[in-house]
Amino acid sequence: MNVGVFGASGYVGGELLRILLSHSKVEVKAATSNTYAGEYVYRVHPNLRGQTTLKFIKSDPEKVASLCDILFIATPHGVSSKFVPRLIDSGVRVIDLSADFRLKNPEDYVKWYGWSHSSPELLEKSVYGLPELHREEIRGAQLVAVPGCMAAAGILALAPIVKSGKIDRTRVVMDFKVGSSGAGARPSISTHHAEHYSVVRPYKPVGHRHTAEIEQELSLLCGEKVIISMSAHAVNMVRGILSTCHTFLNETISSAEVWRMYREFYSGEPFIRFIKDVKGLYRYPDPKIVVGSNYCDIGFELDEHANRLVILSAIDNLMKGAAGTAVQDMNIMCGWDEKEGLRYPALHPI
Amino acid sequence: MNVGVFGASGYVGGELLRILLSHSKVEVKAATSNTYAGEYVYRVHPNLRGQTTLKFIKSDPEKVASLCDILFIATPHGVSSKFVPRLIDSGVRVIDLSADFRLKNPEDYVKWYGWSHSSPELLEKSVYGLPELHREEIRGAQLVAVPGCMAAAGILALAPIVKSGKIDRTRVVMDFKVGSSGAGARPSISTHHAEHYSVVRPYKPVGHRHTAEIEQELSLLCGEKVIISMSAHAVNMVRGILSTCHTFLNETISSAEVWRMYREFYSGEPFIRFIKDVKGLYRYPDPKIVVGSNYCDIGFELDEHANRLVILSAIDNLMKGAAGTAVQDMNIMCGWDEKEGLRYPALHPI
Amino acid sequence: MNVGVFGASGYVGGELLRILLSHSKVEVKAATSNTYAGEYVYRVHPNLRGQTTLKFIKSDPEKVASLCDILFIATPHGVSSKFVPRLIDSGVRVIDLSADFRLKNPEDYVKWYGWSHSSPELLEKSVYGLPELHREEIRGAQLVAVPGCMAAAGILALAPIVKSGKIDRTRVVMDFKVGSSGAGARPSISTHHAEHYSVVRPYKPVGHRHTAEIEQELSLLCGEKVIISMSAHAVNMVRGILSTCHTFLNETISSAEVWRMYREFYSGEPFIRFIKDVKGLYRYPDPKIVVGSNYCDIGFELDEHANRLVILSAIDNLMKGAAGTAVQDMNIMCGWDEKEGLRYPALHPI
Amino acid sequence: MNVGVFGASGYVGGELLRILLSHSKVEVKAATSNTYAGEYVYRVHPNLRGQTTLKFIKSDPEKVASLCDILFIATPHGVSSKFVPRLIDSGVRVIDLSADFRLKNPEDYVKWYGWSHSSPELLEKSVYGLPELHREEIRGAQLVAVPGCMAAAGILALAPIVKSGKIDRTRVVMDFKVGSSGAGARPSISTHHAEHYSVVRPYKPVGHRHTAEIEQELSLLCGEKVIISMSAHAVNMVRGILSTCHTFLNETISSAEVWRMYREFYSGEPFIRFIKDVKGLYRYPDPKIVVGSNYCDIGFELDEHANRLVILSAIDNLMKGAAGTAVQDMNIMCGWDEKEGLRYPALHPI
């Protein structure tokens, strides 16, 4: 199967190339970058030196679509909605890692992104590409929208308990801690090393765009409107997201019941691990132990004192939060082993 | 005035020595450490090389009390309650940075610390040493209990809004991010560099001991029981605490009203800064910009979507979270300028 | 093929398990740790959770040897020389990652390690397991001594130019910068996060033990005594070594000649990359871009001003500096594709 | 005394402001920044919030000179040589932290900086502002050129031994490790956090400009041409420089003799500390323990094996490497206590 990557010079694009170049079922036919067209891919992604002699090409959707069966799109938000619609008719399958096809309600784009969607009819057609929630739809989809990195971590942490109806759906606090690769490859003062080192920067205490997709998916799951209280902090690491979800219980629940609920919900899932240990150093999820892997680690703790259930999840934002899930989606769409290309464990220590 | 420091080889002890050695009103007469007795202080605190030729001595409370007018205690929890009571009678003034005299209700020691307090009568006598809440009592106190580092950050963030009665007092989420110096100077696998680097480790998602003092102080302030939902995370920095407080509003409130409330509450406070800027990189509190200073930076953001008020506070855990506040307490107790010894701004970048 | 790992709870042991568990030609039959015997491997190596249900067993050399065809030894220096000799007779093949069989001259153990070797006769039999220098000997070896991490980086940087005779062999400065994983998994004050963060600690400015093996190998290569001036610094990262080699030229040489010399020397080597670019950010070797891979990146620059040739090399100390080379050795010994199990590119950014 | 700072929005400018704002003898009358003119200083230097309400003004040399007795210049290289000459006639005293007046030989500007100096006559008049070498000249100087950060660390490490004539002056290796603040406040891909974190980047293995001033000063000191082999590496910290100097001995020398030589050379120096301990963690200089202070820590080790003397020095690049030395120069020029404004010890841990 031939694949192409749009926006291949960014960090998500680089991670896609890393995975796809060693994926046994596909061949990378195109990697686009208007900035680096003509340049070797390894000049921008130095880890790929010695792995490929591929060069970037200019972004020409029709041409790339003619070379490929599957297109991965890793362009900034607002770009793919301009050219994907006309590719869809050609029959090519599209896995979009930007936000352009994640939200079902066109008005949410106005509210959260500040622009009107130019192809609202495609929002119904597109599938929200979180395999743990939409595996069957992904299987037959032509257009898959890969979840936002924080959204992926947050939805996976909360889905079982929200579905159960046992928590207050209007007071769900999600406190995210995010690595610097989430800010992308373009330098700015906020990611300047001298300003970002040792930081715990609350860069978006309210109003983060991922709120929209988290609420969409969790509301869909439980049939009622869920309201998320999301805050995002930048911390001193490159890869990883920790999501600390503080929820308040409607009724008493035991730790064993929570365990059962989560195990059942994620039964058979290849990339969900439960981390809730009584021994060892890593008793809860921590992004440090998923770096480079496609796992989403989930753990929790009951707080009887405050009638609270804390659920924690950790992912590598470039993997389960972007490229890893995108490849998992492709594997599902093509009927391949879902773990193909994604079997690598995390590095430790790192 | 002569001062002494018990437990002077730890990080808090070292920070006390750093401040006190350049404080214009005091002379350091004793620095105790049973482990390093006889050793130069600068061997343990390398930043003090060239600043002092002081040596550690064994901990002998009576002897140290006889040399000093004011004693700073930076020993582990559970130690000072054993020897402070007999020193109190001698008239020496004590500033205790451990938890032994922070809680007013003796049963809270059983519940949160797991031991019975041996001198419960002193708990009434001791003053909770947060100047912004107890300045007048500190002035005349003989025994001051310096707040826990996270408690200091958290109480200062929440005091005005809790006092106002405008938030739900039973669902107050406090999500802390803490640097590694908070774990003390003793090596362990959890602070081993290879295991702590790049970490976002939820080391105490529920049940943290500082919950007790935060609830004590906030409940006292508003006259009703406040219930705190506290979670603590270790992050990849050495100094600093960020407290992200998620509160839910009982009634609509404007940003201007929150501003006014906080400005009034902290009017004239020398170490409270408000950080809520519309320009520049540092628009909210961030521990990075208080390192080495005694400031507590406070900021907030209203979230209409979720009816939430997010309040953020940042301190240097060794300064405003320990040694800085202890020296501020001493300055108040002695009637000196409250800023003496504490005027140094933070280092930036760091 | 069945393999076992002695000392499997350390960082090198963990890295061996990570590679071997996904190596297509072997099965891990034993992982020993006297401290953690009976415990799941993933409790110590959290990245392997979900990858294996293997448990540690006590170290019983005879028993492990009876289960395995190949033994990897990752115990501290001075341990394997006690039990390897009696295993050798049984025919099992041994790949020792400790220093016990690296040096050919028994007196070097007295001089550099402070103990007399108990089986000096095996030193002749053992092969120094650097494939780029000893591939043919490794092929037939029963006992392979994997190079020390800094030695591997340093020898690979210098081998071609030392062999050429064009530099002063008595004034070869090797300035190493090393990540904290090189200090092992046991906590100590020197690796305590608060003490190791932001550090550039010259922990061994003179007298580092790896000097012995670097001199042995480089002297062997050029037929004359080479004297190395080695200094090692701990820096603020977990994985990686940068070796900066400052050499002084005996005669004028062009950059093109150096290029040619190095390309010829390493012709066909699967894990040597040359990094000397005129564009992009990574123009020289940097440990950041080899993390998780088995590459040794090599680059250089001529300094006409000082008649100096600077050669730089970068490796992941746990991979090409330990477990990666050990598996490469195994692949050679068994006649398999040398890259088996080692094809993974580095992660970037990390 | 009134002072002004040109180029006050950079990191060196910010550090100057931090020191000068609390210096008992001066008042800051002007802080120029063409980019931020009209903006509060604390918006750019967030650590100064609450310390000053000063605003940046446009750079107008004549106007600033009319307001001030002493001018600090922290503009990029090549700027001050354009306007300083005409200010000199007005009698104002100038402390220039850029490279424009450091080199005595005008041709060195062509060779190392690539431009011709427009006022070569001032090069004789200017004093190289390293107090340990030029205190008497600084006292009477009107124009002082503050040393480059690496040059300061390197010259202080080598001055005594070079002067002694006991080392080979043509093979002096200086291997520098530098924090990211040394690259300035302007973001770029090389200082982007995701690319700079965990890095050991040999950004200038040969040809670094500071070579020129190091050679100038050391040659002056010993009366013969000294040739420096300099390489600079960026590491994962914000502040600090470690200089590892590898020198080869012409004759045997004992450790006691080296000690004596260094103690004599730096006798009475307020900011030189010797770090060569047999106990404790910090046995050699390390930038970590000078952060925020004006110390230059110096240590050494003899390597009999290679006939080598390794000398190590550590400074905070923004302090002893820039703003700290500049203020020390001002104190000398004005006849004040040399330590005024510079007494603050380092922070530890940090």
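When the chains are written out, they are named A, B, C and D in that same order, and each has its own residue count from 1.
In the analysis below, a contact is a pair of C-beta atoms (placed from the backbone, for glycine too) under 8 Å apart; a residue touches a chain by one contact, two chains touch by 3 or more.
Note that the structure is predicted; figures quoted are calculated from it, not measured.
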| query | Of the pairs A-B, A-D or A-C, which one shares over half of its contact pairs with B-C? | reply | A-D
| Per Cα centroids, the chain farthest from chain D | A
| remark: Per the C-alpha means, the centres of chain A and chain D lie apart by a whole-Å value of 46
| request: Could you give the separation in Å between the centres of chain B and chain D, each centre being the mean of its C-alpha atoms? | output: 36
| message | Need the CA-centroid distance for the pair chain C / chain D, whole Å please. | response | 38
| note | Each of the following residues of chain A touches two or more other chains, namely 11, 179, 181, 189, 194, 197-198, 236-238, 281, 291, 349-350
| remark: Residue positions on chain B within touch of chain A in the complex are 170-171, 173, 175, 177, 179, 189-190, 194-195, 197-203, 205-207, 211, 227-229, 231, 233, 235-238, 240, 242, 244, 246, 248, 281, 284-288, 291, 299, 301-303, 305-308, 310, 312, 314, 349-350
| task | Using the touch rule from the top, collect the residues of chain A that touch chain C in their complex. | result | 11, 14, 18, 21-22, 39, 43-51, 181, 238-239, 273, 275, 277, 279-282, 289, 291-293, 295, 343-350
| Taking the complex as given, what residues does chain A use to touch chain D? | 11, 179-181, 183, 185, 187-189, 191-194, 196-198, 236-238
